[in-house]
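Per-chain numbering from 1; labels A, B, C and D assigned in written order.
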Amino acid sequence: MRMRIAVAGASGYVGGELLRLALGHPEVEVGALTAGDSAGSLLGAHQPHLAALADRTIVATTPEALAGHDVVFLALPHGRSAELAAQLPEDVLVVDCGADHRLRDAAAWQRWYGGEHAGHWPYGLPELPGAREALRGSRRVAVPGCYPTTATLAALPAVAAGLVAPEISVVAFSGTSGAGRAAKPHLLGSEVMGSATAYGVGGAHRHTPEIVQNLSGLGAGPVVVSFTPVLAPMPRGILAVVSAPLADAGIDGAQAREAYAKAFAAEPFVHLLPEGMQPATKSVVGSNTVQVQVEVDVDAGRLVATAAIDNLTKGTAGGAFQSVNLALGLDETLGLPTSGLAP
Amino acid sequence: MRMRIAVAGASGYVGGELLRLALGHPEVEVGALTAGDSAGSLLGAHQPHLAALADRTIVATTPEALAGHDVVFLALPHGRSAELAAQLPEDVLVVDCGADHRLRDAAAWQRWYGGEHAGHWPYGLPELPGAREALRGSRRVAVPGCYPTTATLAALPAVAAGLVAPEISVVAFSGTSGAGRAAKPHLLGSEVMGSATAYGVGGAHRHTPEIVQNLSGLGAGPVVVSFTPVLAPMPRGILAVVSAPLADAGIDGAQAREAYAKAFAAEPFVHLLPEGMQPATKSVVGSNTVQVQVEVDVDAGRLVATAAIDNLTKGTAGGAFQSVNLALGLDETLGLPTSGLAP
Amino acid sequence: MRMRIAVAGASGYVGGELLRLALGHPEVEVGALTAGDSAGSLLGAHQPHLAALADRTIVATTPEALAGHDVVFLALPHGRSAELAAQLPEDVLVVDCGADHRLRDAAAWQRWYGGEHAGHWPYGLPELPGAREALRGSRRVAVPGCYPTTATLAALPAVAAGLVAPEISVVAFSGTSGAGRAAKPHLLGSEVMGSATAYGVGGAHRHTPEIVQNLSGLGAGPVVVSFTPVLAPMPRGILAVVSAPLADAGIDGAQAREAYAKAFAAEPFVHLLPEGMQPATKSVVGSNTVQVQVEVDVDAGRLVATAAIDNLTKGTAGGAFQSVNLALGLDETLGLPTSGLAP
Amino acid sequence: MRMRIAVAGASGYVGGELLRLALGHPEVEVGALTAGDSAGSLLGAHQPHLAALADRTIVATTPEALAGHDVVFLALPHGRSAELAAQLPEDVLVVDCGADHRLRDAAAWQRWYGGEHAGHWPYGLPELPGAREALRGSRRVAVPGCYPTTATLAALPAVAAGLVAPEISVVAFSGTSGAGRAAKPHLLGSEVMGSATAYGVGGAHRHTPEIVQNLSGLGAGPVVVSFTPVLAPMPRGILAVVSAPLADAGIDGAQAREAYAKAFAAEPFVHLLPEGMQPATKSVVGSNTVQVQVEVDVDAGRLVATAAIDNLTKGTAGGAFQSVNLALGLDETLGLPTSGLAP
């Protein structure tokens, strides 16, 4: 089936990545491109890497502009997407790349984002147990945050198999595009090149409750998550280092590896690396692939799992198309690259 | 038509890019992967970004290993490809990504590379007048150097239309992957990050005679080229700044722009940017697109053209597939991405 | 002699570099730190790398705040420094790091900057013939632009010795800090990392007339300059590639080298590299050193000179202190680092 | 007092940084420069950023070449420094920048490095309780590893004050210069730019026992350490994220902050940042400063401390000079920069 898509927020980084993937998807026709301040200008002025769409005009983001499409992607600030989504027909597939429909718990939503909870939608992380089923046929998709995607996939088999105590420590290194395209002084190239700096330290990042929700939903009981994001001198990519105390001192590397191999055996986009190799963001940049590795530190009594994704591809736009494929009954992998752009 | 390809030099950067593009080409089946020292190991150990081929074994580069394929790509050091090509059947499409078959002039070959000239093959820069015709149906293709591709396309309309005196100055900024994968101290990340340095200054770079050959063949008489390459702190991409004295003081920007627009009007991969925009390597990374712009500096009496490509894609492996498409009678653009990976 | 300095524009990149050098200068006492929007905040919030000054408060930029200092550095937008300088006493050493007092020609000023020409001050490039003498004892210093410093020093011996025809081509790669600290979308780390892009192409950059002024003042007649700046993916550093037709076909590399060696023999900050080495921005980052090399391209009939500086150090704040040392009768090299920060 | 120094391993990154700092130290005279393969060449060929020493000749590393100096720095591979140190007079200050004399426990040495334990020397981390006293007057100094310096300083106040349970998790991002100058494929610029990848995961990095030794010696009992290093796309700098379970659920941020403020109040090189700011490697690059911050994550029940250093300065050569100053009875801070090179 052929789908006509609209992208709200076409001038930002997520919008650009949605369109890059759309151009490589065999069943997609690119319809309306909308934005706020950029309305009226050509897409080429904002996304000069999309030669095929350079002459398309961006229009204002309104329900009318988004009408008449099979799929509407919302790449908007939180709050704004819920507001807009409420005005779109129920039979249109609406994909929220923002945070508005990710959390199940209204209280958590209010604590972390403020304002009224818009409710939750089927969660676009097909690798999570139950998620694939919920996505099939759905007309609403909440795309996960990029950090939660990485951390969840790194920890999933360990938590689900009960290999670790439910005290998960996540330190994740992210490229700057995760912070978006708004011009802020601390995101200038002069500031970020050659520098690494943590932020949201001490549990202050809004992606924390989402990681908690994902890992607590695996059937092994609630988990506690300590999450520290680090801004890294690279444009794309997330590398997560996830560790937790072993549930039992006797658990060894082979056992951990077996659990990971089993959990991801049928996953088309998760690549458990051979022993001795470690995930690298460069290997997955531009692709929908997740590289994962797991080790057991016997001396420290901890399991240490690592995962790398592209924050804009598997972490947002690629994960979105993977969910769209499922929602529309297409092959889940259709049009999604698995090769990273290296070197 | 479906083609089965072999890649000699599969563990290097050009080999990796050929395979990345092969995985996205609808008519390609990946056959033998060969290399020298890496023979016997898995491709995943060398090209961890190619998840789909991770478990393929690399074999030794021999004529036998390369037999039975429709297309054989040679991504080998100069000298080695001519030697190997001489042992391959005439009806197999052999694509030399190295320098052995680029230069027409045996004396120039000997001066710049040493050793015996292996002859020249149809030159894989379809945008060059006459090249497309020579490539159609050919069973041998000499892939251009990455700098010559960039410099030639930037200068072509100006030289062909006689807008400039035949004294071309080229300063080109290249990502480090152009220097290959061999571990040399000056290419270490610690050395290149944050640094720019010229090399081969004063006409010492081997790509100079190739640029001269291309521009001297445009029908406007022989040209002299001053070429200065600069190693840039980025993994991929070439930005060339090409300038030359105006042939006539009255030539203005509009006239230059018109010549460029006309020259590239029908070119599927050349994107002459709108006025006011400049080529950026980030916009073309991973794609087969060339971004071009032209300006006239009235005060200095010079035309200044700029072009950006990805040295591994349009500059090597993408240009190679473009030529293969032509040689095999396929749509020239088949399987070749035009969107860069940005940001 | 001990000097008390004030820095107007202390929260920007030039201000930060002035203060970094001030902390390493044995005769400097840091007095008032002033700024516009940042007034009232601590310096540590803007210049977290200056641990020793973290608790100093920034005040508003006014003549009163700048009073009572021996040296006042103005690191302000053009127009603003001339306005402020006019209100400072004649016996205070005022150092304008901006463009207001660089050009001698009022018409050139108006063409390139607009508004009324504020006149010109002794030009802070001591390596330029006559400049050192003009700086000694002066109470006004116009700090050169960073591109003009690099291009002028690369071309100076060739032009002064009449080795080249007066048609100078300059292509220069600059780190992003040259564009300042104002948050603009195209300067975001996500945009600049991995990318190279030219700007001001075709003679549109305001530093062009300054290069022309410098090289035309060498006694060998007026020169014409074609200048193309390129934004490079690094925070600091400029690499200039300067070329020009040989004045005489018989000029060879040895002759060029001799002219450069002679011109720079007594210069404390210019390092003419040994044959076979090329300037690298990494080698001079953080230092007041200029690396220079010269080659002759016999085939192309051109002399090609290259130079690397740190745009913020020798290109601005270091050059400023070098001039201050001269103006105050101190050793020209006092407090100025010659070692770059590598790797 | 004036000291004459020799540097063994002058052509590597640590050697270069020792010399850069030596040139800025008012009491240092640079004597013999020695190396292995580079013997016989000029220093300028290896350390082009040290203009002042460009013409100095490197000689072979022998006890004879190192004789006649007040201080001998050994920047050599492990094993080699112990061997050489054994041949140097007892009254010469020998500073081992390698690992040979760091660990107290011979069994730990043999497990992690193999071969015979050379014994341990006064440990060059003056901020560690008791270390400063041991360094004063010593003629032997073991310079700490760069990761242990960062992790130890981040965790020290929390562990010493008993704020955390003794299960320390360290994830540290390091620039590539920490891996040295030997040309290895995975350290090529093409590989590291734009990429982040962990290594030595699961407790396999040799710096682990050194962190354990440091933190177990604080008087609060033995600690267990889980250490994961990440190779980051920057040439210099380490950012460590250190976390541990709170010893008591009631411990809050104010209490943690007070402990850190108290622990570091008198430390000249440790800069506990104001609340709301986080350490950034860019802020300390080239300096001997350590930036530290501490937060308490109430939800996760963990204390999270962060620290940034320059791996080559405070992490090696700067720490070495700090210890030398102490050993020789000089002001501990003499000649050591506290300003980082930013932006």
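Keep this in mind: a residue touches a chain if its C-beta (ideal position, glycine included) is under 8 Å from a C-beta of that chain, and two chains touch if they have at least 3 such contacts.
This is a predicted model, so every value here is computed, not measured.
Visitor: Compared with subunit D, which chain's mean CA position is the farthest off?
Guide: Most distant chain from subunit D: B.
Visitor: Working from the CA atoms, figure out how many degrees subunit A turns to land on subunit D, in steps of 5.
Guide: Copies differ by a rotation of 180 degrees.
Visitor: Using the average of all C-alpha atoms in each chain as its centre, how far is it in Å between subunit C and subunit D?
Guide: Roughly 35 Å, centre to centre.
Visitor: Take the average of all CA coordinates in subunit A, do the same for subunit C, and state the distance between these two points in whole angstrom.
Guide: Whole-Å distance between the two chain centres: 45.
Visitor: Could you list which residues of subunit C touch at least two other chains?
Guide: Each of 13, 175, 177, 181, 188, 190-191, 193-194, 233-236, 280, 282-283, 285, 343 in subunit C touches at least two other chains.
Visitor: Would you tell me which residues of subunit D are touching subunit B in their complex?
Guide: 13, 175-177, 179, 181, 183-185, 187-194, 233-235
Visitor: What residues of subunit A sit close enough to touch subunit B in their complex?
Guide: Going through subunit A, the ones touching subunit B are 13, 16, 20, 23-24, 42, 44-45, 47-52, 54, 177, 181, 193-194, 235-236, 271, 273-274, 277, 280, 282-287, 289, 291, 337-343.
Visitor: Under the touch definition given earlier, write down the residues of subunit C that touch subunit B in their complex.
Guide: 167, 169, 171, 173, 175, 188, 190-191, 193-199, 201-204, 208, 224-228, 230, 232-237, 239, 241, 243, 245, 253, 278-283, 285, 293, 295-302, 304, 306, 308, 343
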